[in-house]
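The structures come next, written out as C-alpha cells.
Both complexes below contain chain A, partnered by chain B and then by chain C.
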Partner chain A sequence: MSAATTAAGNPVAIQDQAQQNRSDAFAGLSFVAPAAIVLFVFLILPLLVALYFSFTNWSGTRPLDHPEAYEVVGLKNYDRWLVSGRRVDDFYRAIRNTLYYVIGVVPVQTVFALLLAVVVNQRWLTRKGFFRTAFYFPSITSSIVVSFIFLFLFSAGGPINAVLGALSPNYEPVAWTTNNDGLFHLLLESLGITEDTVGAWVETEIMDIDIWEWIAGPSVALSTIMALAIWTTTGTLMVIYLAALQGIPSSVYEAAEVDGATNWAQFRHITLPLLKPTTFFVVTLGLIGTFQVFDQIYVLQNDQTGRTTTSVAYLVYNTAFEGNSPNLAEASAIAIVLFVIIFIATILQRRFVGGDRAEE
Partner chain B sequence: MASLAFTSQSHSMRSLLRRVLAVMAVGFLVGFALIQITPCVLTIANSFKCDAAVENRPMPFIPLPETVTCRDETGVFISADEQVDGFFFRPSVDGYRKILESQLPRWVFNTAFLSIAVTILRLVFDSMAGYALARLKFPGNRALFFVVLGTMMIPGVVLLIPRFLLLKQLGLLNTYQGYIIVLAADAFGILLMKQFFESIPREVEEAAMVDGANRYVIFFRIVLPMATPALTALTIFGFQGNWNNFMDALIILGGDTDLYNLPLGLTVLRGSGLDVQYDLVLAGSVITTLPMAVIFFIFQRYFVEGISYTGLKG
Partner chain C sequence: MKISRTIGLVLICAMWYTLVGIASAQDMVTLRVWTGSSSPVENEFKEAQIAAFEEANPGIDVELLISPDYGTQIRAGFASGDYAEVFTVGQFDFPQWQHDGLLAPGSMYIEAQDDIYQGLRDAFTADGELYCAAKDFSTLALLYNIDAFEAAGIDAPSADWTWNDMAAAAAATTNDDMVGFSAAADKFRWMTLFYANGADVFDMDGAVAFDSDAAIEALGFYQSFVADGTGDLPGNLNAGWNGEAFGQASAAMTIEGNWAIGYLNDTFPDLNWGVAEIPVAPNGGRGTLTFTECWAVSSRAEGAVAEAAWALVNFLTGEGEHGGHAVAAAGFGVMPARAQFADLWSETVGEEYAAFVTGAGYATAPIFPLGFGDLDAAVNEATSLVMTMEDDVADALTEAADVAREIQAEME
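Let's look at the complex of A and B:
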C-alpha cells in the first residue's frame, strides 16, 4: 500500500523525477555560472598566469603581443632570487623580516584573544558587551587608517614618546618608525655582547646574509608594526573564541565540578581541547594574514628602514611596480614562492595544532 | 562557581585566591580596553589640532568651546602653546577644511559606490552559487565545491600581478568596472551561503515544488527571503572589506586619482617621506572610519554574529 504511493513504484513519478533531475541540473549550472566564471577568470586563471610568467623573462615593458615580448627561461628567476643571483640577500632579508613578524604576532594575538575571551566569558563578569565592543572596534577600520594612527602614536613627538618622557625624566625620545636596531641585538648589547666581541663566526654568510644579521631580531621599526597587527587583530579573534566558548554546554563544567576539578584543570582538560578547532581556525587566519603583510608595510616603510621592514609581499609589489627596473616575471616568481611557504605553513600547523576539520 | 570544600580553611584560602584572580582578570580586561580605546580618542582629538600642536603636544584630549584657525591673518602658523593648555585644547577644523578641498569628497563617493556595487553583486552571485552547491544536483557539483574551497588558499599577493595584466588586456585597468568585476564573487561568501542553505529543511522546497513552482521561483521567492541572517553577514563583510580595501584598489585603480577609494587616497594625503601632514592624515582617518563606525554601532549584533559564524564554520 505504502509502496504504491512512493515515487519508486510509480512510472509517472519516475518520469517526473528524471525530468526534475534534468531541470535541476540546468538550474544548478545557471546558478553557479556567474560566480564560477568570476572565480575562474580572476582567481584561478591569474594563479596559473603568475606561475607561467614566473618561468619567463618578461619584465612587463614590452607589450605582450610583441613578437619578441618574452621567452621562457625555466627556473632562472627562482635561481636569481633564491639561490645564486644578485638579489638573494634582498629575498632572504624579506623572508627573515616576515618570519620575525609571523612568529612575533601569531602566538601573541592568539594567546591574548583566548585569555580575553575566557575572562569575558566568566559568569560573574558584568558589562560583557562593553568589553566586546572595545576590543572589536579597532578592526572595523582600514589597515591603512590603523597604520596612520600608529605612525602618529610612534612619531618623534607623538603620544608614546610623550608618555615615556613623562614617566622617566631622563628619557631620550626614540625614533620608533625609523630605528633599524634589532631587538635581539639590543638585548645582547645590554648584556655586553656585540658583533666585535662575540667572535668571527657570526660573519659567516648564509644565503648572502651573515649570521649576526639573521639573529638581529625584529627591528624597532618592525616591532611597532607588529604591535599594530596585534592591536588590530586580537579583538576579532577574541570574538571568535568567545562564540566558541559560549557554545560549550555548561553541563560539562558542572560535571567536572562535581568531580572536584579545579578551575585550572577545567581549563586545561575541558576548555582547551574543546576549543581546538577554533584555535586551528584562529591560527590559520593569523598565519595567512601575517605571511602576506603588506598594507601596514606600505604605509610605515621608509627609506631608512627598507632593510628591516620589507616583507615578502611588499617585495613582490616593489619588484613588480616600483624601483628602477620593474620586473613582473621575477615578482611573479617571488609571489609563487610565498604561496608555497603559506601552503606549507598551514599544513605544518595542522600537524601541530591538529584541527580535525575537513575544511581549512 | 561552587567548589567542593573539604575543610573550611582550604575553602577560605581558595575563595581568597579566586577573588585575587578575579581582580587581576578584570584589571587585564580594563587595561586591554584602555589600550584599544586610547589611540582612537587621541586620533580624534588630534585631528582637530594644527600640525604644530599635534607634533609637540599630542596628549591633550578635552576640547574647549572656543575654536582657532591654524594661521593668523598674516599667514603665520600659530604655536602649540596658543592651542594647547594642560589636558585641554582649542579645536581647529583646518585639517578637515583642507582635505574637503582636496579630492576627498570624490573618494568618499568612489568608496561608497564601489563597496555597494561589489556587495550587491556578491549577494546575488554568492547566494545563487551557494544554493546550487547546497541543493542542486548538477555535473561537477562536488568538484566545484572543492575548487571554491581551494581558492580560499590563494594569497592575494600572488594575484596582484596577473590581475593587473588581465585587466590591462581587457582594457579595464583604472575603471570602476574593473574593480567591481574582479571582486563580484568570493569563495568565503559562497561557502557561507551554502552552509546556511543546507540548514533550511528540504520540506519547504518540496512543498513549493508540489505546487508546481520551478527552481528559480523557489530560490528567489521562498529560500532567499529565509536567508536574511546569512545575507546580513555577507553584506557586512562585503561592505566592510571593500570600504577598507587597499591592495586591490592600489593595483586596479592606482593610475587615476579620480577613481581612488579612501584608503588609497589617504596614502596620497600623507605627503612624501617622513614629513607627514598629521592634521590631514588624522582628519582623513576619522572621515574614513566614521561611516563604518556608525554602521558598526547600529548593526553591532550582526557584526558579532557574523564573526562568530565564520568561527563556527572553521
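Let's look at the complex of A and C:
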C-alpha cells in the first residue's frame, strides 16, 4: 500500500508496484481457484465432453476402453434430428411444445410473483409470515409429489371437474391430463374455423410439421402441466422479488407521496424501474427453467399425450435411456441444441428487458 | 521424533494388512453382483438367495448391490469398463448390451436350458448363442370382473373364448357406471392380439410385415371397443392405468400382467375378479407377451472368477432349491422361468391365477431388433393415434411399417 502512495516517478517504486500487482493477482486467483476449479470440473468439462460425444456414435453402454467403443461421425447426429432423419418431426414437435410452454409459463409466473410479492410487502397486511409461507410452500415441495397431486386433481373424475360440474350444470367433464387438442385449435373451432375451412396452405410442412399443427397452441394436457409449473415456481420468484422490494429505500416512496403521486404512479414509476435488474434475473431463471422442463412432463405425460407434451429435455432423456436403441451420442446432440437455444434466448432477453447488471 | 515414530508404526501396520489382504484374496474369489431394486419383499428375497449361496460356497465372497437407479448405475459402470461380474439384464436392454460385448456367452454354462420357457430363451439368444439365464418373468392375460359378468348374466371366459365372445361380453357388461373393456394406448397390450392372430414384425423371409392383414385386424379389434363405446382408455375412466380402472370397477375386463395380482388384492380387497387367457384369435391362434429379466455374467470375468460367476447364476436360476423353486415358493407377482415349477407357483399364489403361467407356453417377448429404435417410437405413435381415434388403423400401421422398411433398407 505504501508503494502506491509514494510511487510517482521512482523506478524502484514502480518495480515494487509491479510486484505488488502480481502478488495481488496471485492472491485474487487463489481465492477464486476453488470455485473456478469446481465450475470447470463439474460444469465446463461435462459440457465439452457432451459436445465431443455429440459428434460420435457412442451408444453409452460400450466401455470406453473397448477398441471400437465409438467412431467420430461428424454432424450425423445433428443431421438426423434437425434436418433429414426420421425423427425430425418428433424433435420439432418437442421444440414447439417447449416454446408454447415457455411463452405460456414465463410471463404468467413473473407477473404473479411480482403481484404476490407486492401484496405480502404491504404494511397493512397482517399475518405476513403465514402468507409468505403459504405462497412459498409449493416451491419447497418435491415436484414429483406435486405432480402426482395435480394428476389426482385434474383426473377425469377428480376435484377440478367436480367443482366445475357443480358450478355449471351443462359442464362436460374435461379429460385434463389426456386431451391432445390445442388451445388455439379449440379457439378457432369455436369461431367456426377448422383445418378444412382454412384452405390447403395450412398443410404446407415447415420442418416436417404442417402449419396447422404448428399453430395448434399448447394442448389441454400441456396446459395442465403449465398450470402446475406456474403454481410451483411462483413462490420462489416471489421471494426474490420480495427481497428486492425490501431493498428499495422507503425515503423514495415518501418523497413521491409528498409530490402527490398516487399508489399506481408509485408502482409504475418507482417500483417497476427499480425492480428492473430483479425482473431480468427472474425472467432469466424462468427461461432457463422452463426450457429445461423435465420432471413434471416425466410424471404427467402418458401414452396418449406423448406428441403434445414431450419437451426437448424429455426427448434427451428418452433418447439416452429409453427404448430399444438408447443412444447417448444422439441425446448429447439434442442437449447441445437445447443449450444453444437457451443461450440465444437469454441473450435476446437481455436485449429486450435490458437488465444491464452494471447499472445496479 | 514421537510423531515420526507413530507414522512409521501406522505405515508398518498398513503394509501388514495389505499383505494379509493379498494373501487371503488369493484363495477368496470376490464377485460383485448388481441388480435393480424392486419391492422390499423381492429385495429381501435376493439378499436371502445370495446369503444361501455364500454359505454353500465359503470360497466365494459376494458383494451384492441392489440399486434403486440400476440403469444409470450399470451404464456408468459399462462406460468406465468397471462393472459387476454378475448382473441383471432386462429383455429390452439385451440386444444393445449383447451387441456392445458386455455379456459372456452362456450356452456352455447354463444348466438344464430346455426347461427354461422357449419365449424366454429366445429373448436372450443372439446368433444361436444363449447369453443369460432368465430369472423370472411376467405375462399378460385377460382380467375379468366376476360380479359384472354375473350381473350381465354371462358366463365367465372359458379356455376356448374367442374375440367375438370377448366383444359380446364387453357389450353386455357396458352400462352407465362401467365400460366392458379398459384399453390402454400401449403397444404392449394390443400386441397380445397381434401375436395371437399370427402377425409378426417380420415375415418368414425377413420382410417387414407390421402392416399385414393379421396385424390390422388385431389393432382394429382392440380399437373397436373404444370406437363402439364398449371400452375406453384408462385415462378417460378416471384411472392412471388399466389395473386401476379395472380395480375401481370402471371396466369389466382388461389386459394386464401378473403384477396386478398383488396390486388388486391389496388396493381393492373387495373386488371379485378372475383371470383367463387372452381370447383365441379368429384363425384359432393363441398369443401373449412376456416380460423377463435374466442374470448375466460379465464378458470381463475370467478364470476362477468366471467359474464362480456361472456357479452363482446357476444357483440363482437353476433347478436347485434356491433357484426357480424358491421364486415359485416365494409367490410374489413374478413367475419362475422354468416350466417344472409352474405348478408350484400356481399352488402358492392360487389356482385362480394359473392363466398367467399357462400363457408362458406360447408367449413372445416383444423385442425389436437392434437399430429399430425408430420403429419403437413409430409404433408408440401409431398406437396413440389409433386409440385416440385420430388415425385409421391400416394407415397408422403402414406408416410404422414404412419406418421399419426404411431402417431395413439403410442397414443393407
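Here, the second predicted complex is superposed on the first by the 314 of 360 C-alpha atoms of A that agree within 3 Å, B and C clash if a C-alpha of one lies under 4 Å from a C-alpha of the other, contacts with A are read in each partner's own complex, and residues count from 1 in each chain.
To be clear about the criterion, a contact is a pair of C-beta atoms (placed from the backbone, for glycine too) under 8 Å apart; a residue touches a chain by one contact, two chains touch by 3 or more.
If you're wondering where the values come from, they're calculated on a predicted model, not measured in any experiment.
A.B. asks: Will chain C clash with chain B on chain A after the two structures are superposed, or do they fit?
C.D. replies: Aligned on chain A, chain C clashes with chain B.
A.B. asks: Taking the superposition on A as described, I'd like to know which of chain B and chain C A:D303 touches: first, second, both or neither.
C.D. replies: So A:D303 meets both chain B and chain C here.
A.B. asks: Using the touch definition from the top, say if A:V108 reaches chain B (first), chain C (second), both or neither.
C.D. replies: neither
A.B. asks: Looking at A:T178 after the superposition, I want to know if it touches chain B, chain C, both of them or none. Which is it: first, second, both, neither?
C.D. replies: Both partners.
A.B. asks: Could you say whether A:R62 touches chain B, chain C, both of them, or neither, answering first, second, both or neither?
C.D. replies: So A:R62 only meets chain C here.
A.B. asks: Return first, second, both or neither, reflecting whether A:A162 touches chain B, chain C, both chains, or no partner chain.
C.D. replies: first
A.B. asks: I'd like to know which partner A:L151 touches here: chain B for first, chain C for second, both or neither.
C.D. replies: Both: A:L151 reaches chain B and chain C.
A.B. asks: Touch test for A:I211: chain B only (first), chain C only (second), both, or neither?
C.D. replies: The answer is neither, since A:I211 touches no partner chain.
A.B. asks: Check whether chain B or chain C contacts more residues of chain A in the superposed model.
C.D. replies: B
A.B. asks: Look at A:L338 in the shared chain and tell me whether it touches chain B only, chain C only, both, or neither; answer first, second, both or neither.
C.D. replies: Touch status of A:L338: first partner only.
A.B. asks: Is A:L274 touching the first partner chain B, the second partner chain C, both, or neither of them?
C.D. replies: A:L274: touches no partner chain.
A.B. asks: Share the list of chain A residues that count as touching for chain B in one structure and for chain C in the other.
C.D. replies: 64, 151, 155-158, 177-178, 302-303
A.B. asks: Any idea which chain C residues touch chain A in the complex?
C.D. replies: For chain C paired with chain A, touching residues are 71-72, 75, 78-81, 92, 95-97, 100-102, 184-186, 233, 235-240, 367-368, 370-378, 380-381, 383-384, 387-388, 390, 403, 406.
A.B. asks: Taking the touch rule as given, give the residues of chain B at its contact with chain A in the complex, in rising order.
C.D. replies: 1-4, 18, 22, 25-26, 28-29, 32-33, 35-37, 39-40, 42-43, 46, 54-59, 124-126, 128-129, 131-133, 136-139, 141, 144, 147-149, 151-166, 169, 181-185, 187, 190-191, 209, 214-216, 219, 240, 243-247, 250, 262-264, 266-267, 270, 273-274, 276, 278, 281-282, 284-285, 288-289, 292-293, 296, 300, 303-304, 307-308, 310-314
A.B. asks: Provide the residue numbers of chain A that touch chain C in the complex, in ascending order.
C.D. replies: The contact residues of chain A facing chain C are 59-66, 86-87, 90, 151, 155-158, 175, 177-178, 180, 302-304, 306-307, 321, 323-327.
A.B. asks: Please give the residue numbers of chain A that touch chain B in the complex, ascending.
C.D. replies: Touch list, chain A to chain B: 20-21, 23-29, 31-32, 34-36, 38-39, 41-47, 49-50, 53, 64, 112, 115-116, 119-120, 122-125, 130-138, 140-145, 148-153, 155-159, 162-163, 177-178, 231, 234-236, 239-244, 247, 257-258, 260, 263, 277-278, 280-282, 288, 291-292, 294-295, 298-299, 302-303, 312-313, 316-317, 320, 328, 331-332, 335-336, 338-339, 342-343, 346, 355, 357, 359-360.
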